[in-house]
Structures are given as structure tokens and as C-alpha cells.
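Each of the two complexes below includes subunit A, the first together with subunit B, the second together with subunit C.
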Partner chain A sequence: MKPSSEPIFWMLFGGGGMLSALIGPVLILVTGILVPFGLLLPQDTMSYDRMLAFAQHPLAKLAVLVVISLFMFHGCHRTLHSLHDLGVHTGTGAKVAFYGVATLATLLTAGLLLVIGF
Partner chain B sequence: MSRYRSTAKTAARTYMQPMAGWWTKNPYFVRYMVREGSALLLTAYALVLLVGLWRLSQGAAAFDAWRAALASPLSVVFHAVGLVMVVYHSYTWFDVMPKTAPDQPIDPKLITGGGIAAAVAVSVLILAALLWGAP
Partner chain C sequence: MPIDTTTRTIEIECLRYDPQTDTEPHFSSYQVPFSDDMSVLEGLQYIKDQLDGSLTFRWSCRMAICGSCGQEVNGVPVLSCHTFLRDYFPHKLRIEPLNNFPIIRDLVIDQNDFLDKLESVKPYLVTKLEKPLAAGPHLQTPQQLNRYYAYSQCINCLLCYAACPQYGLNSDFTGPAALALLHRYNADSRDQGWQVRAEVINADAGVWGCTLVGYCSEVCPKAVDPAHAINQNKVNSAMDFFGVLKLMNKGGTE
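Entry: the complex of A and B
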């Protein structure tokens, strides 16, 4: 039997589902609501200097890469399978497109984290 | 669109059950599709973060422009809807968790409750770290 790539994508889906279930709401709350409105948190929470220092830390780089990559793989996997439920017949092309977008986002994130430096 | 479709192997016209809007006929399936829809919001949010990282790499002016865009009404509506959808995803994720690992000696309610408690605890920890300005 030909080895399937499905378990890999399923694990990325599961990892992203778990991570976003744990920290997805609080991340959206902080970056999308609290900081833009200047609520609750210090005004410099997401200032350029603080964010640059954050993104230069090796552990923070790993965290950023894991969050963006797993969120993308989770979202793309689930959307790909939802298309079937909507009556859209997906084949290899759709698979390549959806997982390709998630892979591209992962590579871009890694590249930007390297450009930002240590 | 025709409800009949000829396949490559047979010339016969096969009846195809129409798929449009099937999930709107039952609240259970509506909830299912809303859950699946949360994935779209999560993907878009990851892309927002990716753009932020890109703007950060370009310097202070570019990053501040991204910050200003986050405060635009469109962005706030997107994040508010995203927050509700991802909270719902979080709830459903832990709700089905006992079913993904059946035959556990643990009470399913304990697994779901434990997962939700962990999500709340991690969220409070992150907010506390930001409040007291962790490095």
C-alpha cells in the first residue's frame, strides 16, 4: 500500500486545533481588540520596540512560527474538507493549493523571522 | 444547473442529490458548518499576524501603519467576529475531545472541563504577563 500523506496533515490539523483552542481567543482579544482600543493593557504592549525585541528572541521566534504555521495548516485542512460538505469535488489540485498556501505561509514566516535577526 | 450528470464511464444520466444549502435545514448541521467556518477566520487571523511580522521587518513606520490598520472599523469587526468564532471552535474542540480518545477510564466531562479550564488558565496567564510587562 502506498504511504499516505494524510496522517501528517491530520497531525498538523490536530496540533493547530489544540493550539488555537487554547490560545486563539486570547491572541485575537489582545491583538485585535484590547491593543487597538488601548484597553486594560499597557500602552506600549505592542509598540515597535517591544515587538522587535520580542521577535528577536529565539524562543519567541519559535512561538511565532508555530502559531502562524499551525493555525494555517488547521484552517486550510478544515476548509479543504468543508468544501466536500458544500458539494465541491476536491482533487489533488485543491489539496496542493490548500496545503501549498499553508506551507508558503510557514516558509514566509520563517524567512521574515530570519530577516528580523537575533 | 442540471441535477443530472453523465459520468465518464456510463452514458447514463445519474441523479445527483442537490447539495446547495442542505446544512441550513437542521440546527445540528448549522452548528457544524459554523464550527467549520471558524477555520476560515483562524486562517485569516494567521495571515493578519504574518502581515504584521512582515511590516515589523520593514521598520517602525511600516509597523505603525499596520497598527493603525488594526484600529480601523473593518479590522475591529473582523476581530470581534473572529473572537466569537474561535471561542466557539475552542468549546467544540474540547467538547469532542473525549470522543476522539474513546475507552478512556476518565469521565468524558472531566476531559472537556479540563480542556476548557486549561484554555482559561493559559489565557489568564498570557493577559497577566502582558499586564505586568513580562520581557
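Entry: the complex of A and C
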């Protein structure tokens, strides 16, 4: 029996799970409810200029990349395993597809973060 | 609660299957008089003694210790000696052999797959050097004992395998009880066998075959908590994968 490659994806999954549990609900509350409805925070909190300035800071870039990437790996891993639980046969192809999506999202985010400059 | 000794009658529906005469399993129904102190196993014994001597099922200790009387009662894996008829009355019981195993006959399943897996985890102390008898007993602190005690309580009843959806989907999975016993020895301060068990633990069919459904721990009559054992070892297996165990000089590499 050869060692499973699962530890890599399980760590990414675990990291994403921890992060999403810690900040996921707060992110949804702030970006999805409070700011759009102007509750507690002014509606222009997330104006284009401000968000651009935010995303141009190196530390913010890192935070955005980590959040998007780990959330993607977490979601893809969970969905892949849930498909298996539902009796859908998930072979190497499905693995490549699901983790490929998460990898692509990571690379795309990194690329865009670089393109918008510092 | 005072014991009710009056006799009531309950319907027990049993799966019947004789591979020599039946093409597929079917159910037979029996009316069983019972008193409050009668277990489901005693109900089956009543059927065998009084109604149909051909009904086949395993049992031995009738006190939840031998692990041979596991059955599905109304779809839930239980020890039939540890489950009472009164708790189902006035409804009927439907008794089937444990899920996820081939049926040998009626309620008797073929355990060979599990026995092979049990052997594969080397469920005994693996030590680098044999300690001479003259060196005296190998002492353990209560703390060291606690690390594995719960996992040593397994009676190999296989309720957890019947409960495990992953084993049901893919019987290559080493499964809850065997992995819990693997951990029982790895967690023992006298054991240095991490490496000889690593192949089983680190494989896709090892701890990584588990998706933490947790039903195994729910049905376990001995509170072994195999789900916890497995998930502790996902951490160990990941550390082994990234070489951290070696760095920590764990896993019997000293």
C-alpha cells in the first residue's frame, strides 16, 4: 500500500476550515449585510478607491490570497468527499478537476493581486 | 422501575437466507411472548427453541462482552443481548444481519474481511528489544494507561463496520475497529511499532478513508470512540508525511 497524498489536501482543507470558521461569518456580515445596507458602517466603506488602496498593501494582498485560496481548497475538498459519500464515483479525474479549480483560483488571485500593483 | 413480569406478545420479523435453497433473502415473522427482562437475543432464542429451530444466529456470553451477537434491529446496529424487547413494544422489530458484510446464513455474517484487517494492524506490542523477565514488569503511570485504555475495550463486535458508510462504499477501508486497535498499540508507552503499522495507517484505505461521519462511535457498545482514534491519527499520519515525526524522533525511530 502506498502512502496517501491526502495529507497535503487535508492540511489545506483543515486550514481553510479553521479560517472559514473563524472569519467566514464575520466577512459575510460585514461585506454582505452591514456595508451594503449602511448599518453601523457607512455605505462607502467598501468603495472602489478604498478597496483598491486596501488590496495594494502587501499584507492585505497576503491576507486576500490566503483567505481565497484556503476557502477554495476547503470547499473543493469537502465537495469532492461529499460526492463520494453520495455514491458518485470520484477517481483521479475528479481529484484533478476539483483541486485544479482551487489551484487555478489561487493562481488567478495571485496574478490579479500583482496586476493591480503596490 | 419495578420489573413487569406479565407477558406480552411482540412481533419479530427476521431476515432469513439459506444459500443452499434461497436465491435471495426474505423475511419471516414470529409472534414472541416476552416479559420486561427479556433481551432481543432471548427473543431470538425463543424463536429457535419454540417456533423454528432452523433460525441461525451467533451468540455466546449474553452479557455484552464476547461481541458475537451484533444485529441490525430496525436498521440500527446493536448487540442483541444488550437491547431489550420492551423498548420496542408495541411496535414490531425487524432483525437483519449486520450491514456491509456477506451473509453466511440468516443472521450470521462472514467476518473474514475484518479478521484480515485486524491482523494487518499488528494488534500486539511491537518492541525493539525483548525485555528479559528478570528485568521485572514494565510499569506504566495511570496517565500512560489512560492514553490507550478506552481503545483497548473493543470486543470486535463489528457494529462500527455495519454503521460505517465509507466501509459500505469501499470495503478496502481498514475501518473503525481495526484502526482504533492500531491506535491502541501505537498509543501504548511500551510499544515502538509506529513504523511497522505506518503502511496501513498512511494509505488511502487507512485513516484517510475516513470522512469523520462519527456513526461508528455512536453505535459502539463499549465507548471505544473509533472516530476519535482515527482522527487523532490523521494528524500523526500528516506529520509522518511531512517528515515531522522523524524530526521529533517519534515512531520508534530512535
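Basically, the second predicted complex is superposed on the first by the 114 of 118 C-alpha atoms of A that agree within 3 Å, B and C clash if a C-alpha of one lies under 4 Å from a C-alpha of the other, contacts with A are read in each partner's own complex, and residues count from 1 in each chain.
Definition applied: contacts are C-beta pairs under 8 Å (C-beta built on N, C-alpha and C of every residue); 3 or more make two chains touch, one makes a residue touch a chain.
Every value quoted in this text rests on a predicted model; they were computed, and no experiment measured them.
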* To do: Would you sort A:Lys2 into first (subunit B), second (subunit C), both or neither based on which partner it touches?
  => second
* Asked: Which partner does A:Gly100 contact after superposing on A: first (subunit B), second (subunit C), both, neither?
  -> neither
* Examine A:Val115 and indicate which partner it touches, taking first as subunit B and second as subunit C; both and neither are also allowed. => first
* Touching A:Gly87, do we find subunit B (first), subunit C (second), both, or neither? -> both
* Look at A:Thr45 in the shared chain and tell me whether it touches subunit B only, subunit C only, both, or neither; answer first, second, both or neither. => first
* To do: Look at the residues of subunit A and decide whether subunit B or subunit C touches more of them.
  => B
* Structure fact -> Shared subunit A footprint, subunit B vs subunit C, residue numbers 81, 85, 87
* Asked: Tell me, which parts of subunit B touch subunit A in their complex?
  -> 18-20, 23, 33, 36-37, 39-40, 42-43, 45-50, 52-54, 56-57, 60, 63-64, 67, 70-71, 75-76, 78-80, 82-83, 86-87, 89-90, 93-94, 115, 118-119, 122-123, 126-127, 130-131, 133, 135
* Residues of subunit C defined as touching subunit A within the complex -> 165, 169, 199-200, 202-206, 208, 211, 213, 234, 237-238, 241-242
* How about subunit A: which of its residues touch subunit C in the complex? -> 1-4, 6-8, 10-11, 81, 84-85, 87
* To do: Please give the residue numbers of subunit A that touch subunit B in the complex, ascending.
  => 16-18, 20-33, 35-37, 40-42, 45-46, 48, 51-53, 55, 64, 67-68, 71-72, 74-79, 81-82, 85-87, 105, 108-109, 112-113, 115-116
